[in-house]
Amino acid sequence: MSAARYGMVIDLDRCTGCGSCMVACASENNVPALPQATARTGLTPILVREVSNGKQGADHREAFFPIMCMHCEHDTPCVKVCPQQAVEVDKATGIVMQMPQRCLGCRYCMTACPYHARYYNWWDPSWPKGMEKSLNPGVAVRMRGVVEKCNLCHARLHSAMEKAAAAGKREIDQADYVPACVEACPTGAIHFGNLADANDPVTKESRSPESFRLLAKLGTEPKLYYKSKEAWVRAMAEPNTAPTSEAQHG
Amino acid sequence: MASSVLTDSRWIARGEERTSLPRFLLWLSPWALLLALGVYAAGLCLYYGLNQTNMDNRFAFGLWIFLDLGVIALGAGAFFTGFLVYILKRAELKPILNTAVVVGFICYSGAVAILMIDVGQPLRAWFTFWHPNTHSMLTEVTFCISCYLLVLSLEYIPILFRNRQLRKIPSFFIFEHQLHKLVPVLAAVGTLLSFFHQGSLGGLYGVLRGRPFAFRTGFLIWPSTFFLFILSAIASGPSFLMLVTATVEKVTGRRLVPQEVFGRLAFISGLLLAIYVAAKSVDTLVWLNVTSPSAGFAPWQYYSHKPFGTPILFAEIVVFGLLPASLLLFRKTAEHRGLLLTAAAMACCGILLNRFVLTVQTLALPTLPFDEFLSYVPSWQEVASFGGVIAYGVIVYSLSYRYLPLFGSKGETTHVSGN
Amino acid sequence: MRFSRRDLLVWGAGAAAGLVVTPVPWKILDDTSKWSQNWPWIPQPARVPVEFKQSACTLCPNGCGLRVRMAAGWAVGVAGLSTHSVSRGALCPLGFGAHQLNWQPQRLRAVRHRGSASSWSEAQAAFAKARSEGPIVVIDGYPGRAASFVLQSFAEKQSGNYRVVQGAETRALKPYEEWTGIPAASLGYDLENTTTILSFGTPLLDGWGVPGRFTRLWSERAAGTSDPQLRLIQVESSFSRTASKAWQWIHIREGSDSALASGLARVLVEQNLVPAHGPIPAMSLAEAASQTGLTVQAIADMARMLIAKTPTLAIAPDNNPSIAALNVLLGSVGTRGGIVRRTQSQQAYASADEIPNARAILIDSSVPWDFAPQSDAEVFRFAAWDGGPTKVDWLLPAPGFLEELTDVPTAPTASVETYGIAPSLVKPVSEVQSAAQFVAGVDSSSSSPEKVIHTRCEELYRKRSGAIVSKDRTPVSQLASAQKLEEALQNGAVWMDEPASSVKLRCELKEWPTNGPQPGPGNWTSEWAAPVLPPLASKLYIESDLRESLHRGNA
Amino acid sequence: MFPGIDGFHWTFGHILFLSLFLVVAATIFATVISAVWRTARDFRTRQAIDFCWKANFSELPISERRCRHELAGRVISRTCDNAFDCRHCAKYSQFAVLPATGHASSLGLDYPNDRFYHRGHTWVRPEEDGNVTVGLDDLAEHLVGNPDSIQLPGVGDQIDISQTAWRMKKNGREIAVRAPIEGEIVELGGPTKGWFLKVRPRLDTTNPLTFRHLLTGPEVHGWISREMERLQLQLRTPNTPPALADGGTLVPELMNAVPEADWDTVLAETFLEA
């Protein structure tokens, strides 16, 4: 199987911030719903964040940024810092993989991630009586004390590969591998594809002048692109030109 | 004899007056209580997990990491004094050596203990030795600190075996003697290890490309903070030793080390601190004008957040850096005890402030344009464990001071060459 | 020979050193870490094969198609059914977590009589007694289902009464029912063919109607273009998710929607922007301007915007006659791209707002939990979840999500008649009965939903109109048998009638309506009948600042 | 958990890191092992015991380490650097021939000339049968008086110069008495007999080396007078008058007479405990 570089282009003009992607993701990946969790201790492998242009009244505008692991390509911050190789970039897919059974929960990777896309299991995962029957068999539940994050629904890639293998094919059928958030988005705002394939529409889209990446200047080469026609939204790529940051530093 | 029931004079080196056992226990009891509380808090964190703390996904590191970096920096006195005495043969520092070792041992063991609570899966800590990621500064830290702690405990043994009763056991006595003859080797190894992990502790944050406030360019694989940390650690170590010794002298009300030792330490500390401040200033300028802008971050983004404005930068470099440095270098200071200690204290505060800024401010600052500035207040469990470590330190030091020849005792200075 | 202290030490040291070279410590080390990797108290899903089944979501009257991931007989995941011709693969965020609803702690698992534990037999007996003593009113929250039919016929047999609690989306069509005589239940919005949509605070992009219908339409025709084919003008006093994505956001004072509608109407008429007929609002333009907080000019511009690209359709979140009247003025009633009448005529339902005298009241589980009947009759309340304190006499556990076979009638806002079937996929977590099953238990003569569904399929087949839509579209006329049709529907296909014939409805508007009933601010979950939310949905909205806090059961 | 599992793969980094780690670990380990080995060796070659004494000796206060020739007044001032073992002292013979200037006043203590004295306040008396008897000297007797308990070695045991010969307990304090001579114990005595051990010396009594390291003649008095001075100072306590008043004759059972004194130090320095 030739090496892929799975990535996304998220059309922010299409994102209505409904949150379907978050629910679908949590359900796919057996994320527990814990009453104790808060906005700062919760597990949201994909997190839709609300952004405004900082203006008041009729000029006020908002956009929604689905934030998840950007699967950085160039000295990937989390991979670099993990003391015991619990994080690795899968050469075959370009997916940044987290191995919970290897992680010792030092959380160094979380401080390293500029996107805050990594989450720590602060509590033992638990479900109301009987609800564990509703867990997705394809994904193992993570134990307390380890870090986790988006792995582009690796379980789905795995089953797609199994399916291909069963059919005696070496390449998977791209249609068989669609991450839960992509599948869930009611406006089709999240486009998923193989950036290594020049003909993949996502590759083309990622090159459009309307596409941008967050904190690209850090030089970590994230594989997650955003796209918008709104100049003020595109300005979010740059922390010191972003409209909201002025609002903050008033 | 009735008094012999409540006396431990047989354990105290002959000719050394120590306060009575009951008074000593009275002194220990509050610390013991604090330690017990700390152990309880740590137990909670281990049993229920880190939800007992106020850390969260954004503030993934908190009080504990700050504590670790702080005490390890202050504990640097141990390896540095050993280095000066054994490698550079500065015999005049011998009187301070045992204290240095004990202080170092306390700092490092305390730090390691806290680290074990801080990680979510302590049972897997050893994976680092089996699947080492050689690109990670933390691997370097883990490896060096664990080895160096071993070295320190070995350096501690000779002092321990010099206790009046233990020395009566021939095998202990001989072993102590033989080990003591090999201590220079350990000191050398320790120096190597310490230089490295003091550095890699700095690298820990310096390599964080994703945190432009902390990220620094540097030399080969090491960011500038790597070298700054070594410098600041060996600069503050001696100051901390002075503080500890002076405090003990105050508490016990007797002269323990000759004045010239203080003078010497003050000079060393001051000199290194001065070099550090210079290096730090250069580094800061380079970072603000080159490194950070190229990552897309303008300086005002860091210092426009209360309470972390530019004053904190000024305090770090000038008030707690340049000022104590010049004070310590000033000959007259050494003669005036109060002034000397103030300077030493300021130097230590400066280093702690530096560690604080690097650990806490780095995490508090936003990276994404729509992040907001975060605050974090440690939970009582975190503070209690912190206090527990301090109590542990005081207790270990008190016991060592009471029962072991810490300050230039007989047998330390003149040691017969066995046959 | 004496065993000296030294010997002891030497021996101890030797033992320690020796232990290190044995495998013991390493084995222990390894095992402890392995243990920490699968702690016994952490549930792990059994590694069983998964299969996918089709069904539909019946938690609200919009009936979105579901692709359910099944393992070991339980639903372990829900996704939209992309081949579903109405919802087009989309779901609302609540739908994605719905498979965990059945396990909610608030799930009703046993019959309760006035708060204390009881049994089905006692409930049956009490109901039979009530039935013998007097009329029984049946209240339904989701009319048009096979179950509804069973309940309605039972009520009528009881010389009782069948009443319906209608959602905001249906209520919004009430004025047209008044003026055209066509039941609201057979009216719909022809969104697919409209060009300009004037939404008065309607959460069009936030769970309104069949989510997949408008959101997909919007993302195809409007999203991300400065001059969209579908112009969405959102009139709203506060900034909403829909407003943030609208082509234009008109910021007006709270509760001044009717005033704006009147203002617009005045401009349209006075400036002859529309063929003037029907009454003129009494409210002056200046008055409208001052109420809405807009300038006269702004309202005038807006009016022009409405006729710039027609057809134009004004959509109200709830019953608001002025807005409806504006549609009439715009000529958007009974025209392409406006309010259309679906071919098949539904009956007009009596509202449950006031209830006739009755011996007992039977409330179906589709009725929102907070509905409280204004009556002193004995209340038999069916519900799958306990929504908190209530003063009903009998609380009867109903089937939860995917636990019963039911059919999916046309969605309230749809422009075309549809029919689908939601097969039951999982077995109930406790002994439950639907209201329909319950009455069948009491009155042996009454039919069962299964039978009704069967007959309905046969009717559809007999009519030979419309088509079966799943991956591809098969005209009913080409189907071999009613059996085939039913099977297709069972497997997630949807029957769709021919598109609405845009016959102009006769719509008499005597005088411009004065402010009709003001709708309360509709929560984004307002069409959601269940008193609890999927744990993951509420969790994620708590863990992100995406949504206003949800004052629902577990939220 | 082993290479090949969990996607573990060897890289140059691993080799470098692990070898570095192993080197350091090995160094530390080697250090400890060698210390242990040297310790074991010292015990094997019986140097350990000897060494212990030497170490302790080196930690005695200078005043306790005066050379016998100074005590005898043959030289002005000299510290012993041979752990009181004159047999191997290069300087011994040079000084031994010098005239002693020490005066013989026994300060009311009984130090008969028929025996040799060890600095640990024991004496050795040659007997007719070629053996020697070992006992506590008069000063020690005055200090300890009647010990609460005595723990003598067994007949046939070897004793070594300056090593512990026997132990006594008095007022809860343990006293290790140093052997004045090396040899094999042939008979046990006790306070009543006036001697504690009868020893067959390793070299026979005619050999001058047998007693060379022990004090005799003028040295004894020089030594005793210094010891008395030390006691004088150590037993003086703020509130009590000098215990050795009345011409400095020692009262018996001194430990009971002056309980408040710092007996730890007194006994340690008297019996040469480090």
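A few points about this structure:
So that you can tell them apart, the chains are marked A, B, C and D in the order they are listed, and the count of residues begins at 1 in each.
Definition applied: a residue touches a chain if its C-beta (ideal position, glycine included) is under 8 Å from a C-beta of that chain, and two chains touch if they have at least 3 such contacts.
Keep in mind that what you see is a predicted model, and the values were worked out from it rather than measured.
A simple rule picks the central chain: find each chain's mean C-alpha point, then take the one closest to the mean of all protein C-alpha atoms, which gives A. Look at the CA centroids: the one farthest from the centroid of chain C belongs to D.
Between chain C and chain D the centroid-to-centroid distance comes to 99 Å (mean Cα coordinates, whole Å). Each chain gets one centre point, the mean of its Cα atoms, and the points for chain A and chain B are 40 Å apart.
One finds 29 Å separating the Cα centroids of chain A and chain C. With centres defined as mean CA coordinates, chain D is found 43 Å away from chain B.
The multi-chain contact residues of chain D, meaning those touching 2 or more other chains, are 1, 6, 8, 36, 43.
Counting partner chains per residue, chain A shows two or more touched chains at residues 38, 42, 49, 85, 101-102, 124, 143-145. Contact with two or more other chains is made by residues 121, 124, 127, 130-133, 135, 139, 170-171 of chain B.
Of all the residues in chain B, the ones that touch chain A in their complex are 49-51, 55-61, 118-122, 124-125, 127-128, 130-133, 135-139, 142, 204, 207-212, 294-298, 300-301, 304, 362-363, 366-373. Of all residues in chain C, only 36-39, 41-48, 50, 69, 71-72, 74-80, 90-94, 96-97, 99-100, 102-105, 205-207, 211-212, 215-216, 218-219, 223-226, 239, 241-242, 244-245, 249, 251, 429, 534-547 touch chain A in the complex they form.
Residue ranges of chain A in contact with chain C, taken from their complex: 11, 13-14, 16-20, 22-24, 26-28, 30-31, 33-34, 37-39, 42-44, 47-50, 57-58, 60-64, 101, 124-141, 143-145, 180, 183-184, 186-189, 228-229. Remark: chain B residues 1, 4, 9-10, 14-15, 129-135, 139, 143, 147, 150-151, 154, 167, 170-171, 173-175, 177-179, 182, 185-186, 189, 192-193, 410-411, 414, 416, 418-419 touch chain D in the complex.
In the complex of the two chains, the chain C residues touching chain B come out as 5-6, 9-10, 29, 32-33, 35-36.
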